[in-house]
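What follows is a pair of complexes built around subunit A, which joins subunit B in one and subunit C in the other.
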Partner chain A sequence: KIFHLGACRVSMSTAEIRAGFTAIKANIQSRDPIRTLSILSHPQSLHKVKSSDRCCVAHHLFTFYVDKVFKHCRTEDSFVNRKISSIANSFLSVRRKLGQCHEQNNCVCGEESTEKFKQILANYEGLNVTSAAMKSLGELDILLDWMEKSQ
Partner chain B sequence: SGELYCSLPNPRNVRFESVNMKNVLHWSAPEGTGDGVLYKVKYSVYGVGKWIRKPECRNINRTWCDLSSETSDYEEQYYASVKAFLNGMCSDWMETTRFNPLTDTKIDPPMVSVSSTDKSLSITLTAPEKWKRSPEEESISLLQVYPGLQYNVSVLNKKTKKRWFFSISNNTLVVPWLEPGTAYCVSAQIHVTTPLLDSDFSKEHCIATLKDK
Partner chain C sequence: GAEAFLPAPQNISILSTNMKHFLTWSPVIVQGATVRYSVEFQGEYEREHANESWIPISECSLTTATVCNLTEDISASVPYRLRVRARLGATSSPWGTLTGFFNRVTTSLTPPVLKVVADGHHLLVELADMGPSFQFRVLYWKKGQASRVKHKVLREVSSVVHLDTMEAGAEYCVRAQAHVEAINRSSSFSPTQCVRARGDTSLW
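Now for the complex of A and B:
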């Protein structure tokens, strides 16, 4: 599938990531007792990001998940752990593609996208690292829902 | 809030049942309680700090509550919760899992209309609409909600029992090179690849090609 993220055109499949997440969604979200805080969707929603900033925000987010989230999401359940590592591998390949757009200057980071990502990091750092990582993983469908609107 | 000692068994199996984003909260009565149990319902937007009571579902004796209006923004996710009351006693609040209207809804089959010539069928498909508060409200087709929405179409030759399957993205399909004067039955399904959502197949719509001129 071709994703149109501002000036960046990326061909990728989120179906595999989606299937992996669906398999562990109930397990992961049940480990997150905090209903009143979201990493990705509040106070500002991803869905309000301007089209021109989509690539930069997406690139930031995939890097965020690879560098900060997956490594802190080990569980006692080997099935869940396998699914998490397969999702992480898919994220690595998507991030590489987004990185290519970055190198070709098709991934401009405007003030809004930088501000948006700062807010996400602030939400993340407001929790202890394991809770923050598990909450972020439980919000993967928020990221995918937003990405898939750009098909 | 003046609630009494909560030793009543809890409502069970509290969950959203959603079709075309008509999102209805359902639950089962607490174990071992006969008639007379009353319930109240609250819901919250994930990531926002407060629970909101649903007045129309306060002190109700039925075991469902329509929260479609409250959960109509499918860019948000939600929790809902139910509490039971009987003879001055109450249960704990029992919560759903996190509800994502976009991925956790079931989609109805498409509407199918068929016309024929002597050697072909023309099939037109219409995706269902997203639930809306009132007939006057603007209709939103699920096609707009799911950019990757496709149709799987099955065409059966009633005489030879031969069946063809087509997978199309736009909503019209012409099936050529058919036999004149023959009955064909058409059925269609909606397929969304991601998030992965498949409707059931529609009822069969049978029509005969015209006899040879």
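Now for the complex of A and C:
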């Protein structure tokens, strides 16, 4: 599928990522005891992000998951680890495409997107790293839903 | 006595057709004994962000088979490394590693298998399912009017698809190719198949 994120066009197969996530969602979310907090949606939903800021926020988020989240999600369950690997490698592939948009100046970071991403990082760093990583992974469908809105 | 040295599996290769990926290797022969094998994979993420870690494939852990289905695990378009080792009792062989990388974008795509049917005046096509990653581009035209080709993209293969209503007694031709959106590649076209519509003019 082709995603239009402001001036940036990115092809991405969310179906494969979503299938991988759905297979482990219950397992991952059961490891997240703090149900009252959200990493991605607090204080404001991703859906509030302006269209012109979508590329920058997406680029930040995919980098966030690749650099910070997946590596702290290793479990004792081989099946879960394999699905996380599939998702992580898919995210790496998409992040590269978003990076190309960034290099071609099609991914401008306005004040709002920078502020939104700062808030997400603050939410993340407010928890211990494993809890924060598992919670972020458990919220993957929030990110996928938001991305698919840009299709 | 001490168990002998176990050589690493040889002739390790990937067979990848229509987005189904299999690792194969030659058996390690030890007279009178059953040798087992274990397979692991490493994606680009693991190399760059997870200390070059390897991930075991449980379905291919301590297996006696010399083939392993990687399809479920290789679900991103990035370069993967693959390795296999032999096991006999408590002795493990060194790892045998696939030379180079495997990226699913290199899978070989075969033309779809299709069956074209003239049901009275209706031009129907039936396509064999090739898996969830596949769509089909079907071209169809009235014979002799190759310049007026019509086409349909079929995202899901249901049983039979109605392409067109044919003119009485006319011959229509169809061919199709498979397309995989995830790797943005298409197969070559299937051979063309032509059928003739029933002769009389009544449509029912």
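We adopt the following convention: the second predicted complex is superposed on the first by the 151 of 151 C-alpha atoms of A that agree within 3 Å, B and C clash if a C-alpha of one lies under 4 Å from a C-alpha of the other, contacts with A are read in each partner's own complex, and residues count from 1 in each chain.
Methods note: contacts are C-beta pairs under 8 Å (C-beta built on N, C-alpha and C of every residue); 3 or more make two chains touch, one makes a residue touch a chain.
Note that the structure is predicted; figures quoted are calculated from it, not measured.
**Student:** If you stack the two complexes on chain A, which partner ends up touching A:128: first (subunit B), second (subunit C), both, or neither?
**Tutor:** neither
**Student:** Where does A:1 make contact in the superposed view: on subunit B (first), on subunit C (second), on both, or on neither?
**Tutor:** both
**Student:** A:20 contacts which: subunit B (first), subunit C (second), both, neither?
**Tutor:** Once the two structures are laid over each other on A, A:20 reaches subunit C alone.
**Student:** When the two structures are overlaid on chain A, which partner does A:141 contact: first (subunit B), second (subunit C), both, or neither?
**Tutor:** In the superposition, A:141 touches subunit B alone.
**Student:** Is A:85 touching anything from subunit B or subunit C once the two structures are fitted on A? First, second, both or neither.
**Tutor:** Touch status of A:85: second partner only.
**Student:** Once the structures are superposed on A, label A:11 by its partner contacts, choosing first (subunit B), second (subunit C), both or neither.
**Tutor:** In the superposed model, A:11 contacts subunit C only, not subunit B.
**Student:** Identify the partner contact of A:105: answer first if only subunit B is touched, second if only subunit C is, both if each is, neither if none is.
**Tutor:** neither
**Student:** Mind sorting out which residues of subunit A both subunit B and subunit C touch, each in its own complex?
**Tutor:** 1, 13, 15
**Student:** Quick one: in the complex, what on subunit A touches subunit C?
**Tutor:** 1, 11, 13, 15-16, 20, 66-67, 70-71, 78-79, 81-82, 85-86, 88-93
**Student:** Residue numbers of subunit B touching subunit A in their complex, please.
**Tutor:** These residues of subunit B touch subunit A: 44, 46-50, 75-77, 79, 97-98, 100, 102-103, 147-148, 193-196.
**Student:** Could you list, by residue number, the parts of subunit A that touch subunit B in their complex?
**Tutor:** Contacts found on subunit A: 1, 13-15, 18-19, 22, 26, 29-30, 35-38, 41-42, 45, 47, 138, 141-142, 144-145, 148-149, 151.
**Student:** Taking the complex as given, what residues does subunit C use to touch subunit A?
**Tutor:** On the subunit C side, the touching residues are 41, 43-46, 48-50, 55-58, 72-73, 75-78, 80, 132, 181-182, 184.
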